[in-house]
Amino acid sequence: MGAHSESVPVSENAGGESPIELIEPMEVTEAVADAAAPEREIDVAVGDDLVEVKNLTVKFGGLVALDNVSFTIKRGEILGLIGPNGAGKTTCFNAMTGVYKPTSGQVLLEGGLLNGMKQHKITRAGLARTFQNIRLFGEMTALENVAVGLDARHKTSVVGALLRLPRHKAEERSAIERGMALLEFVGIAEHAGSLARNLSYGSQRRLEIARALATDPKLLCLDEPAAGFNPAEKEDLMALIRTIRNDGYTVLLIEHDMKLVMGVTDRIVVLEFGKKIADDVPSVIREDPKVVSAYLGEPEDDFA
Amino acid sequence: MLSTVLTAVPADSDWINFDVNALAQNFWSATFDGLTFGAIYALVALGYTLVYGVLNLINFAHSEVFIMGCYGVFFTLSFLGFGPSAPNLSFGQILINIILALIAAILAAAATAFLVERLAYRPLRKRNAPRLVYLITAIGASFVIQYLIFLWRGPLPEPALTMFIPTPIFEVFGTIIDSQQIIIVVAAVIMMVIVDQFIRRSRTGRGIRAVAQDPDTATLMGVNKEKIIVTTFIIGGILAGAAALFYVMKIPSGVQYNGGFILGIKAFAAAVLGGIGNVRGALLGGLLLGLIGNYGQILLGSSQWTDVVAFVVLVLVLLIRPEGILGTSLGRSKA
Amino acid sequence: MSTTDGPTPMPGAKAAQAAANRQAAEKNPSTSADAAHKTGWFGRWNEKWQAMPRQKQWLYLIAIVAVAYLLPILNPPILSTEPGNDFPLALFSMAVYALVAVGLNIVIGYAGLLDLGYIAFFAVGSYTAAMLTSPDSPFIKVPYLWTLPLAIVVAMCIGVILGIPTLRLRGDYLAIVTLGFGEIIRILATLIPAMKGQVGFQNVGRPPGMGEDGIPVFANSNGTPWYWLTLTILIIVLLLAGNLERSRVGRSWIAIREDEDAAETMGVPTFKYKVWAFALGAGVGGMSGALFAGQVGFVNNQKFDVVTSILFVAAVVLGGVGNKVGAVFGGALVAYIPLRFTAIAEYKYLIFGLALMLIMIYRSKGLIPARNRLLAYGQEAYARVRNGPPKKPAVATEKEV
Amino acid sequence: MRAWMLTTEGDLMNRKKVMTALATAATLTLLMTSCANQAATPGATSAAAGGGLNLDIPVLTSIETPKDAVLPAGDGKATCESTTTLAYIGAETGANAQLGINIFNGIQLAINQHNEANPGCQVAFKKFDTEGDPTKATGPVTQATKEENIIGVVGLPFSGESKATGNIFEQQKLVHITPSATNPALVDNGWTTFFRGLGNDAVQGPAAAKFMTDQLGAKKVYLVQDDSDYGIGLGATTTAGLGDALAGSDKVTTGQKDFSATISKIINAKADAVFYSGYFAEGAPFNQQLVAKGFKGAFVGPDGVKDDQFIKQAGDASNNAFFTCPCIPGELIPTFADAYKALANAEPGTYSIEGYDAATVLLAGIDAGNQDRAKLLEWVNNYDAAGLSKHYKWDDKGELQAPAVYGYRVKDGKIVPIGPIGE
C-alpha cells in the first residue's frame, strides 16, 4: 500500500473525503477518462449525497432478507458494503439495481426514485454493476462487450442502423475510440479482439469493470470483484478501483475480503441478518465490537 | 391486421358464432366430455411438468413419448384381435386385453422417454449446453421419432380400435354419463393422486423435489441427480402411456404418426395453466382446458376451434398470470 | 444461474464457488484453441477472408454474386436438379428458403429466440399476396409488387402482436407459443371463409412483363426471373442484416442471446430489441411468403404446416446459428437436397430432424461456423491492436511509479 | 430430512415399482366395475332406421368391353424416333402415392404392350413426382414441358395440382390427359391442352344422388362434406341432385378425428343414408364412429373414399359402404387385369385403367404419325374411338362426351363393382 499513489480527479473540489496528491500518471488517466466519457460531467461537488437508500426491505416469502436498511452513498467516495455471508449484501445490491423489487423502501439516485424502474433504465439513470460470477457476453470480443455498455448512451434507432445513417456511423466511430480507451484504462487493450470467454480470469473481471464503466455510470457497483483473485491481483484491483474513483466515479463495493475493503474504501456499511449494524470510516469499523462479533466464527475470513 | 381481415369477411357465412343456446343445451354433456379430455391432457401435462421441474426445460419430445404409447396400445390390441368393430368378448377377456395394452403402452412410452433422455438430453447436459441447444435438440428428437413412425407406418391413421362400447351408467342433469367417461376420469385422477403422493412422500419423490429446487445443492447432499432425472422422464413416460390408452379409448382412430403434436401443445398449455412444475396444477389445468376447449367448440361451432381456444388460453395465461393458477413450482411445493 | 433466485442456499461456499468459477474460466482458453482447430477448412478460410483487404473482399464477393446470377443459365451438370426438377425453379426454391433462413436467423441466431412457428409469417405473407391479387378474393386488388412491402408490414404487425405478450417470458414459452401459433394460422385459414381453406386462391399476381411469345416473363414455369428477383432481394436483405449486425442493434441481440439478464443490466432494453428481432424476422418471412405465393400462383391452407416450420429451423441450425452466410447456405441446402436427390426426398424430414439433433449435440456452431462482427469499424480497431505497439495500460503505469 | 439421502438406489426403484403397481391396480379395478356394466348391455341403442333400404345390390362380375376398343399394341407396324417420349406427372411419393402408383402402372402397361408389338417404335416413358402437391408441381411440370422429346403427358391426377399447372402445358402446347382430376371448373380455364379422361364431379354428383334415392331407396340422405375443393364441389352437385331427399348437411375438416357432433346430428335427423363428400382418410373413421353410434343406414362415398384403406380403417363398419366413381372397374376386364397383375404384382387399383386408356390414346396418335406436340394435340382433339373402358371423344373444352359412373360396394372385405349408376 505504501508504494501506491493516486491520481487526482479532474474535479476542483477534490479532496473532500480522501487525501489526494498530484503525480505524473494523472495525464494518462485524464486522457483515458476523457476519451471514455467525453460528455460526462465531472465538475461536481464531491461529498454530496448521490444515492440514498431509505428503509429498504426485501422479503422472500416469509424470509426477510433485508430489513429496513438505510444509508447514503456520497459522490466521489468508495463505499464498502460488507457483512457475513447471508447478511443481505447481494440482496441489497440487487434491490438497488432493479433485479429484485423491494418489498418496501426507496432507492434514490440524485433525488430521483429508482424503484420500479426497468433495469436498463436504472442503468441509464447512472447505476452500473458487475457480477459476482462473471457474466460477460462470451461470444463477443472484449471490445464488443464494452461497446454494449457504451450503447446505453447511444441514440441510433433500428432504422438508423439498418440504413447506416450518419448518427450511426458517428456513434460507431466513437464506440471504437471510447471502447479502446476503456480497455486501455483497465489494462486489457491488447486483448480487444479476443473473445471474452477466451480471456484469462483476471482479464474477464477487468473487462466486466470496463463494460460497466462504459455505461457512463454515476455510481459503479462492484459485486465481489476480487473473488478468486490471488493477493497480487487483489493489489492491482485495489489500484484500479482507486483510479476509477479518482477519475470522478463513485463506487459501491461489495467485498468479502476484509483486507481489500479496509484498504480501498472511504466508508463502510456493515450488514448482518439483513440489518445495518454499522456505518463509518474503515478505521472505526475495524474497532466496532458489533462488527467484530458479527465476523467472529467466520473461519475462512482473514479479518484481523 | 387479423381483425381487419375478420371484419372484412363477407357476411354470408357462419364460420364463427356465439351460439349460447347450443352451449346451454349441451352444457352438461360438454362438461362431462370436457372432463374426459381434460383427464387425458392432465396425464400428459404431468410429464411436461415433472421434466420442467427437474430440468427447467420443456421436453418437446414428450408428445412423441405419448404417441409411442398410443402405438403400444394399437399393436397390442391389434395383435390380440381387436379392430374397428366392437369385440365380441366377455368382459373378463376384454379387461385382460386392455390391461395388456396398458402395460405395453407404459413400456413403449417409458422406453421412449428414457431413450430421449439418453440420446438427446444427456449428451447436452454433459457439456453444459445453453438452453436454446436443448430446445432445438428436443425438437429434432421429436421430429425424428415422428418421421420414423411415418416411414414405418405411412401417413394414414391406423385403423380404429374399439375396446368396448361405452354403456350408460347414470344420468345427471339430463345427460347420460357412460362407462368410458367414468373410467378415464377416475383412473386418471387416481393415477395423479398417486403421483402427487409419490412426489410428496417417497424418497425418490423427495429427490425429485430436491433436484427441482436446487440441483447443485441436491447433488452436494448426496442425491444422484442423473438418476433422478432419468426417473422423472420415466415417470412422465408411464403417465403418458396411461394417457395413450385412454386417448385411444376415446378417439379410436387417433393413432397416427403426428397425432401427438396438437395434444402435446394442449397438454403443455394445461401444465402452464395450472402452473408449470406443479403436480396438482397439471391436474387442474388439464381438466380446465378440457372444459374450456369443449365449451369453446360448442359455442363457436366447429371442433377445430378446440385447438384455437386452447392456444388462446395459453397465451392469455402467459399474459396475465405466467406462473399459472397454482403457481408454485415442484421444488417449492410443501412437503 | 438466474438472478431471481432467492438467497444463496449454501452459506459458506462462496469462496469455493469463486475458486471453481475461476478454474472453469481458466480452462476456457485451451478448449477454445481446440475449437478453433476443429473448425477445419472453413475456419481457416474464414480467417483468411477476415485478413483480406476490403477491396479484395469486394472483388471476391462480386465474383460470387455474378456466378449466383448466372447459375440458371449455366445449369452446371452435377449441381443441376434436372432431369427430376426444373433447375431455375429449384434455384428459386433455394433462394426463398435462403431468404427465410436469413430472416429466421435474426430471431433464432441473433436474439436467441426459438421461433417454431415461423411458417405462420410465411403464410401471412402468402395470404397477403394472394388476397390482394387473386381474382378469387373479394378484396381490393393491388399490383403484385406492392404486396411485397405490404406482406412485410402485415407480417411485422402480427409479429409484434404475438411478440408483445410472449417475449416478456422465458425463451421456451416462446417456442411453444410460436409452435401453437404456426398451427393456429393454418386452422384459421381453414375456418375463416374469406381465407378459402383448402380451396385457396388461384392466379396470384405476378410482376409485370410479357415475353415475345405471349408468355408472361414471370410465368410460374419460368424460374429464372423469379430466381433473379429473389436473389436480388436476398442480397439486399443480407446487406441490411449485416448493417444491423454491426450496430448497437446487433450487439444488443447477441448480448441478449448470450446473457439476457446481463444485457438488461448493461442498459440494453432487452424487451424492445426482442420485439424488434421478432418483427424484423417476421417481415422477412412475410416477404418470402409473398414471393413464394407469386411464383406458385396458388395459395391454400395445406402447405403452411408446422413441419415446414421445423425445416426452416433446421436450415438455420444447419448453416450455423447466428451466421447469415451459414443461413443462406443452410436454407439453400434444405431446399436443394430433396429436389436434387429425389430418391431420398421422402426421407427429408427424417434427415433434417437427425441433422438438428446431431448438429446440436456434436457441432453446435453448424456447418459454417463464423462469429458475428458486431462493430462497424471493428476491423480497424483490431488491426491497430495487432499492428501498433500496444500502449501501456494506465494501471500498469501506475504500479511502476 | 436427512434420512432419505442415505437410501440405496435399490430402495428407490422398489418404491417406484410399488407405486406403479398401485396405479395399475387402481385402473384395473375401475375397468372391472365398468366393464361389468358393459357386458350386461351389449351394443348401443339404434337411433336410425335402415329397414327401408335396398342394401343388397348384386355384385357385378363382368363388364362388356367395346369390341372395337383401341389397344396400345396397334397394328405392330408403327415407326417413330427412338426419342419419342410420353410422361406421367403426378404423385409417386407422399400421402397420395398409392393413387399415382395405380395410374403409372396402367401407363407403363400400355407402353410395354405398345413397344413389344411395335419394334419400329419404341416409346420412352418418364415419370415426374409432384407428391400431389400444387406447390411442388410447377417444378416437375416445367421440367417436363422443357424436354422437347416429351410430346404427351398423362396427368396430373389431382385437381389442385392440375389447376396450378394447366397454364404451363398451355404455354408449351403440350397435350395432357388427366386420368383422375374431377373438378368441373378445370375445363373453364380456356386451356386447349387439357383433356379429362373420365367424368367430372358434375356428372358424379347427380349420379350418386340418383343411385341413393333410386337404387338404394333412401328417403333421407344426410350430406357431409369436407373442406377440400373436391368435397365442396361434389357436395354441391350431389345436393342439387338429391333435391327433397336431402335431410341435412354438415361440414368436417381435413384431419378431423372426432365426428361425434356430426353423428348426433345425423342420428337426430333419422337419416337412412349418409353421403360423405371427401376422402377416405376422414371418411373411414367417420363411418366407423357412425356405425359404432348405432347408425344402421347406408354410407355412400365418392371416388375419394373408394380405397382399400377405407375398409382397413373402418373394419366391419365398412359393410354398409357404397361408392360412386367415374372410374371403370378394370379388374373385371380379364385381359387387362391379368397383364396388370403380371406387371405390378397387384390387382388393378382405382384409375389404373384410366391411366392405361389415356396412354393408349396418345400411343395411337404416335402410331398414326403424330410425333410432335402440335400434331399429337390435334390428334387428341379429334379423337373419337373406344377405349378399353369407355368411348373417348372430347368436347371443345376437353370434357369427355360420354362419361360413365360406376357404383361399388363393400363385400367380404373387398370393394366390388355393382355396375353403372345414374343412367
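Every chain is named by a letter (A, B, C and D) in the order it is written, and numbering of its residues begins at 1.
Here is the rule we go by: contacts are C-beta pairs under 8 Å (C-beta built on N, C-alpha and C of every residue); 3 or more make two chains touch, one makes a residue touch a chain.
In this text, all values refer to a predicted model and were calculated from it rather than measured experimentally.
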Chains most often in contact, by C-beta pairs: A-C
Label of the chain whose CA centroid is most distant from the centroid of subunit A: D
Distance between chain centroids, defined by C-alpha means - subunit A, subunit C (Å): 38
Cα-centroid distance, subunit B relative to subunit C, in whole angstrom: 32
Averaged-CA centre spacing for the pair subunit D and subunit A, given as whole angstrom: 75
Chain centre separation in whole Å, for subunit D relative to subunit C (CA means): 40
Contacts with two or more other chains, residues of subunit C listed in rising order: 190, 257, 346
Contacts with two or more other chains, residues of subunit D listed in rising order: 94, 253
Chain-to-chain touches, reported pairwise for every pair that qualifies: A-C, B-C, B-D, C-D
Subunit D residues touching subunit C - in the complex, by the definition given at the top: 93-94, 126, 128-129, 133-135, 138-143, 145-147, 160, 163-165, 167-168, 171-172, 227-229, 232, 253-254
Subunit B to subunit C touching residues, read off their complex: 1-2, 5-6, 8-10, 12-13, 15-16, 57-58, 60, 119-120, 123-124, 129, 131-133, 135-137, 139-144, 146-148, 150-151, 214, 217, 220, 258, 261-262, 265, 268-269, 272, 302, 304-305, 307-308, 310-311, 314-315, 318-319, 322
Subunit B - residues contacting subunit D, complex: 83-86, 90-91, 94-95, 98-99, 102-103, 106, 155-160, 162, 164-169, 179-180, 182-183, 186-187, 190-191, 194-195, 198, 202-204, 206-207, 221-224, 227, 231, 235, 238, 242, 251-254, 259, 297, 302-304
Subunit D-touching residues of subunit C, taken from the complex the two chains share: 81-86, 89-90, 93, 190, 197-200, 202, 213, 215, 219-223, 292, 295-298, 300, 302-303, 339, 342, 345-346
Subunit D residues touching subunit B - in the complex, by the definition given at the top: 4-7, 9, 11-12, 15-16, 19-20, 22-24, 26-28, 30-32, 34-44, 94-95, 251, 253, 256-258, 261, 281, 284-285, 288-289, 291-292, 309, 312-317
